[in-house]
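Just passing along the structure, written as structure tokens.
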Amino acid sequence: MKILVINPNASAAMTGEIERAAREVASSGTQIIAVNPADGPESIEGHYDDVYAAVGVLECIRRHEGEGIDAYLIACGNDPALAAAREMVRAPVLGIGEAAMHVATMLGGHFSVITTLARTNVQLEDNVLRYGMSHACRSVRDVSLPVLGLEGDEAYGKMRDVIVDAIENDAAETIVLACAGMAAMAKRLSEELSIPVIDGVQGGVRLLEALVGLGAATTKIRSFAPPGAKTYRGAFAYAAPGARPANE
Amino acid sequence: MKILVINPNASAAMTGEIERAAREVASSGTQIIAVNPADGPESIEGHYDDVYAAVGVLECIRRHEGEGIDAYLIACGNDPALAAAREMVRAPVLGIGEAAMHVATMLGGHFSVITTLARTNVQLEDNVLRYGMSHACRSVRDVSLPVLGLEGDEAYGKMRDVIVDAIENDAAETIVLACAGMAAMAKRLSEELSIPVIDGVQGGVRLLEALVGLGAATTKIRSFAPPGAKTYRGAFAYAAPGARPANE
Amino acid sequence: MKILVINPNASAAMTGEIERAAREVASSGTQIIAVNPADGPESIEGHYDDVYAAVGVLECIRRHEGEGIDAYLIACGNDPALAAAREMVRAPVLGIGEAAMHVATMLGGHFSVITTLARTNVQLEDNVLRYGMSHACRSVRDVSLPVLGLEGDEAYGKMRDVIVDAIENDAAETIVLACAGMAAMAKRLSEELSIPVIDGVQGGVRLLEALVGLGAATTKIRSFAPPGAKTYRGAFAYAAPGARPANE
Amino acid sequence: MKILVINPNASAAMTGEIERAAREVASSGTQIIAVNPADGPESIEGHYDDVYAAVGVLECIRRHEGEGIDAYLIACGNDPALAAAREMVRAPVLGIGEAAMHVATMLGGHFSVITTLARTNVQLEDNVLRYGMSHACRSVRDVSLPVLGLEGDEAYGKMRDVIVDAIENDAAETIVLACAGMAAMAKRLSEELSIPVIDGVQGGVRLLEALVGLGAATTKIRSFAPPGAKTYRGAFAYAAPGARPANE
Amino acid sequence: MKILVINPNASAAMTGEIERAAREVASSGTQIIAVNPADGPESIEGHYDDVYAAVGVLECIRRHEGEGIDAYLIACGNDPALAAAREMVRAPVLGIGEAAMHVATMLGGHFSVITTLARTNVQLEDNVLRYGMSHACRSVRDVSLPVLGLEGDEAYGKMRDVIVDAIENDAAETIVLACAGMAAMAKRLSEELSIPVIDGVQGGVRLLEALVGLGAATTKIRSFAPPGAKTYRGAFAYAAPGARPANE
Amino acid sequence: MKILVINPNASAAMTGEIERAAREVASSGTQIIAVNPADGPESIEGHYDDVYAAVGVLECIRRHEGEGIDAYLIACGNDPALAAAREMVRAPVLGIGEAAMHVATMLGGHFSVITTLARTNVQLEDNVLRYGMSHACRSVRDVSLPVLGLEGDEAYGKMRDVIVDAIENDAAETIVLACAGMAAMAKRLSEELSIPVIDGVQGGVRLLEALVGLGAATTKIRSFAPPGAKTYRGAFAYAAPGARPANE
């Protein structure tokens, strides 16, 4: 089974970390192909970055067309281009934000989401609402650190403090990490604080294996039917959907 | 990996079917142990049946204590004793109703739930609400057949008609089957109607494999902490929680 | 009018207290019959306890079949077996958690729920959601005391402190007590803090008198139709529903 | 116990009917005082009528100040002046729309609301939302008859047809009548259709008896504190709240 | 274009301030006619005051019938008589509470509402719910000052402190002022705190200009159809709706 | 006042129509600058098209930087790049889907949304949810016509039929058109069917005039703060946000 793990930002270093996290939990028969777009932001912290990252996500999918990809994981916590990717392919697609919330609810508790900068909170709150997680979500909390600053002891300490605060003051029973850059800290946080701390990269890989194992495919009725054939102009002419969608 | 698949009703024939469905999708390293309680209703169609089935579910868990069970699946669409089981054990626990809804939303669409008798609709609607699936759920529809009448061509025809109705009139994009007795029809329905038809037995087995693969455990903070030690009287004295929970 | 007040736990001492509370408000023509199951937990603090208590509730109903019971009150704040009891009988059935919330909203204000241990909060939050009380409910707060530790000045002090906190910080305008063991403190708390403090045992008795006075019966269309006749096996064979429900 | 039943419209004939319905269910110790304002609309069918009826409701309360009224019932389905009345007095106040919805949910089912003209549907839907009944309410349906046209066989036939439609197509399990003018038909409809049909006049009387029996009073913290003393000008100068609220 | 700006309370001084605020933003072609009722409360702080103010609002509309009013603004933060006014006229009608919330959401952020006395919070929370603003509204906060005490440096200081608190602790990104008496402070607060502070008087005037410019009229299908002709009795006989609504 | 009206698709013909609609309602002092991206899809019917159109929207904003644009309108019914544009500029930004829903609710009624192809319904339903319009929205209905097929009598007839259906069966009281291509039909539909039919192009222009007239700006606290400076790679390097946002 081949899973294309797409880091939507253009930071190869971060792609490397994501790949490491993904491989750590992948089953023996699963091949992880971690990629990132050549074009776009080096980190994603808001809606503006999202717009350019979304194009990158779709380009990664297109680039690997015809390679027999069985499932796609979008490795950014606010799940850029998730719905568009579902239109584009028949294979299952997950975003790591969505994946981590599913895992958290399956472990039984009410969760808090930990994100990077305060500017991203509302974006995640909107996703919580659209994903039907409002009742399950205790709070969305930021650590006031940028995506590329999520390493080292000081960052770990901030993460721990915010999580402890969420447990004590928001009654969080599970923690959802909303940034792929936090993946490396999940295990240590979980053990130190005795609470499930869910990273969506690892969660997403395993959930996709589950969906592929079921022979499940993205629904193609109505909302996620393949994009209809039409003209695209100028620099995006190459992206015009043909009569048949990419991976069929 | 050992998954205890618990049919909450006392029908051994149905346990056999559930076991077949579970094994069909289980990974090679997964051992499916399908069981049912000795005591309780032969089918579950409402809250009254649920009360007795719930005791049976917990008894099945207790009976297999110390056998190294890695995950538990409660194979009845309204997920009896799900929260209690999560208190009782540390390993992940899913109900098939919940599992099927998670799979359906991960395939991208808005779903309709297909249940047996009209008397069970509200029970499922309540679960849809509690699971945060209200926005994703188009409708809950019954086929007016009892659990034990879900076999043969006539039953299949009724299932198909109700699903077509849900697609056309409720704009369903994915279908959730809310009864383990419907598992055998999922694939045929899915192929005939070109829509994902999700059976929670198979979905649940694969999701549990995913959770176990992640090393994930049910949260033990607050809501799902092990039951505190206390006296149980009379016929249920055996069930009194001790100082330590069953599977630790 | 005969009201069967069912203490779902097996503590006779607590049944005595509940009976006292119920009689204190019952109208002159109302006969209070307070009972508890012979089998099951001595206190109810979570979903695991609930499973066994639920069987006990139904047994109490069955035991008094044919005695002309006019209404049933389930005297535990998370309302175990409420829906099942409604299937079983035609007479009105209330749980004290539900009853107290109805009374609180009829007194006009937004309420906070006071419960025992933190582990029970989510269970009550789920009920708040299902009962449609999310907009009316300011918060669910626990006093960190077990059910059987709700007596004495220290317990009273903790109750008072938590309620004051809910008034000041959560803008509570009414208080719902979510445990029958708190009934004896309701009046004193209400007077000391000048806020309605609603105990569901007393509230439930009066609401049931109202329903019986109206000639109202539990709806028997769809969800709460009598359980269909079917085989129950083993230790629960006695509970198999026959062709006609218990109290018709 | 004295219950002031206020018909918010100025139709004495309708007040008579309401009185009859109220007395039919009142307990022996309960005195029903049915009144209507001298000023205002003869029937209430929309927000415009509501504005003038609301003044009438408060005038009725003021007129009976000092007579030891124990509880107040506002006998119009959209509950005009309900919150204002709760500010004005300490005794419990219910509207019949609200009361009927509480009774319906206590009987266990999901209800449809039956109203008069289509123009009143949204008003009731807003109340359903504010009262937290959205999950419990299947639909709001009108019979296309004005308040003063709710008598005779043809009206009864229309009521029955709409209710049957709600049962079959909206899965209603209980029926809420949203107009005091429908009270006389409740019993016949309930018996003919084998479904609880709840009239809020009778429901409200009994619920108020319950609240008074509990010694319960409207909360006076925050929202429903007595109106502060202030100047009222012109024709409404008489209504200026003094230092102390009306019924203390 | 003529906009009738109705101060629902009987304080001419406050009407003057409202007029000043309205004229400050009105376009050159817009004529502001600011009025208040002769009868009713001098300030509005709760539901009781609302009942009398509502009559005043409708009287103001009636008084200016036939003068070619193009739009109506109800200048009290809890929008008294808003729905009734919409039945009465065909021209657009806004309340300042509603208007300010629309402006706030169009500026992109999640808002906190600032109100006068704590007793008015729930009224505003109810409006937030009915207007669909629950997800967008961070909190409703009061400054513990009466409507007529909203002047001077101390009042300004209290306003500022509460807003800073809402920004820091409730994550407010925009501020909605819920009282016309706060209009004069909006600009200064906005500049000092670098956050949009929305006053509904000014917001409402501009939104109404927009609606009139579109040729838009209040919908007359169902809910807001003109009040049907009927008899009104006594002191309100003058208000009986005729066969045709006021401004047609 | 300069309003940049951005047609997110690359069809110049459609931009012309949008410009015509916008100018028809713009105030005399308002300059409409209608543009479309050079790159991207010729019509937008789903999430895939959205991804490329979003880049185009931001490019149009950048292209007109420094021209003193006072407000921005995104003229596509599902509001692509709306949040990103709000980060990018300080001037107010509206999408026509959002604008039309605001206008509809200000006219007092519950609305149905009319869209093009069924594949776009869920996208609009998601926006309805995020915009807080769930209670106000009766239904989302498609006419089964592509964006570029919305001309001629047959298209008009389909529009009319779907709207009539929404009025009669969904109780719609106002109609929201969710595609800029429907603008030309709004007036005729509104007159023929005697119901407000809201086109967001015209609605958006007027609402933006209102916001600019108020001196209102997009909130820059938290969610919509200017994008932080960072490296963008490859083809999108030009889009890297600098230290200061575009229009300051």
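Of note:
First chain written, first letter: the chains are A, B, C, D, E and F, and each begins at residue 1.
Here, contacts are C-beta pairs under 8 Å (C-beta built on N, C-alpha and C of every residue); 3 or more make two chains touch, one makes a residue touch a chain.
Only a predicted model underlies this, so the values are computations on that prediction, with no experimental measurement involved.
Steps from chain C to chain E, taking the shortest chain of touch contacts, total 1. The equivalent interface to D-E, defined as the listed pair sharing over half of its contact pairs by residue number with it, is A-F out of A-C, C-E or A-F. Judged by shared residue numbers over all numbers used at their interface, chain A and chain F contact each other through mostly the same positions, with over half in common.
One simple way to say how far apart two chains are is to compare their mean CA positions; for chain B and chain C this gives 28 Å. Taking each chain's centre as the mean of its C-alpha atoms, chain B lies 52 Å from chain E. Contacts with at least two other chains are made by residues 83, 86, 109-110, 118, 121-122, 129-130, 135, 171, 173, 222-224 of chain D.
Taken as a contact graph, the chains fit none of the simple arrangements: neither line, ring, star nor complete graph.
Chains that are in contact with each other form these pairs: A-B, A-C, A-E, A-F, B-C, B-D, B-F, C-D, C-E, D-E, D-F, E-F. By the touch rule above, chain D contacts chain C in their complex via residues 25, 27, 83, 86, 92-94, 98, 102-103, 105-110, 130-136, 167, 171-174, 194-196, 198, 202-203, 206-207, 209-211, 213-214, 216-224. Residues of chain A that touch chain C in their complex: 109-110, 135, 171, 173. Residue ranges on chain E touching chain C, taken from their complex, read 118, 121-122, 129.
Of all the residues in chain F, the ones that touch chain A in their complex are 10, 37-43, 45-52, 54-55, 58, 81, 83-84, 86-88, 117-119, 121-123, 126, 129-130, 146, 222-225, 227-228, 230-237, 239-241.
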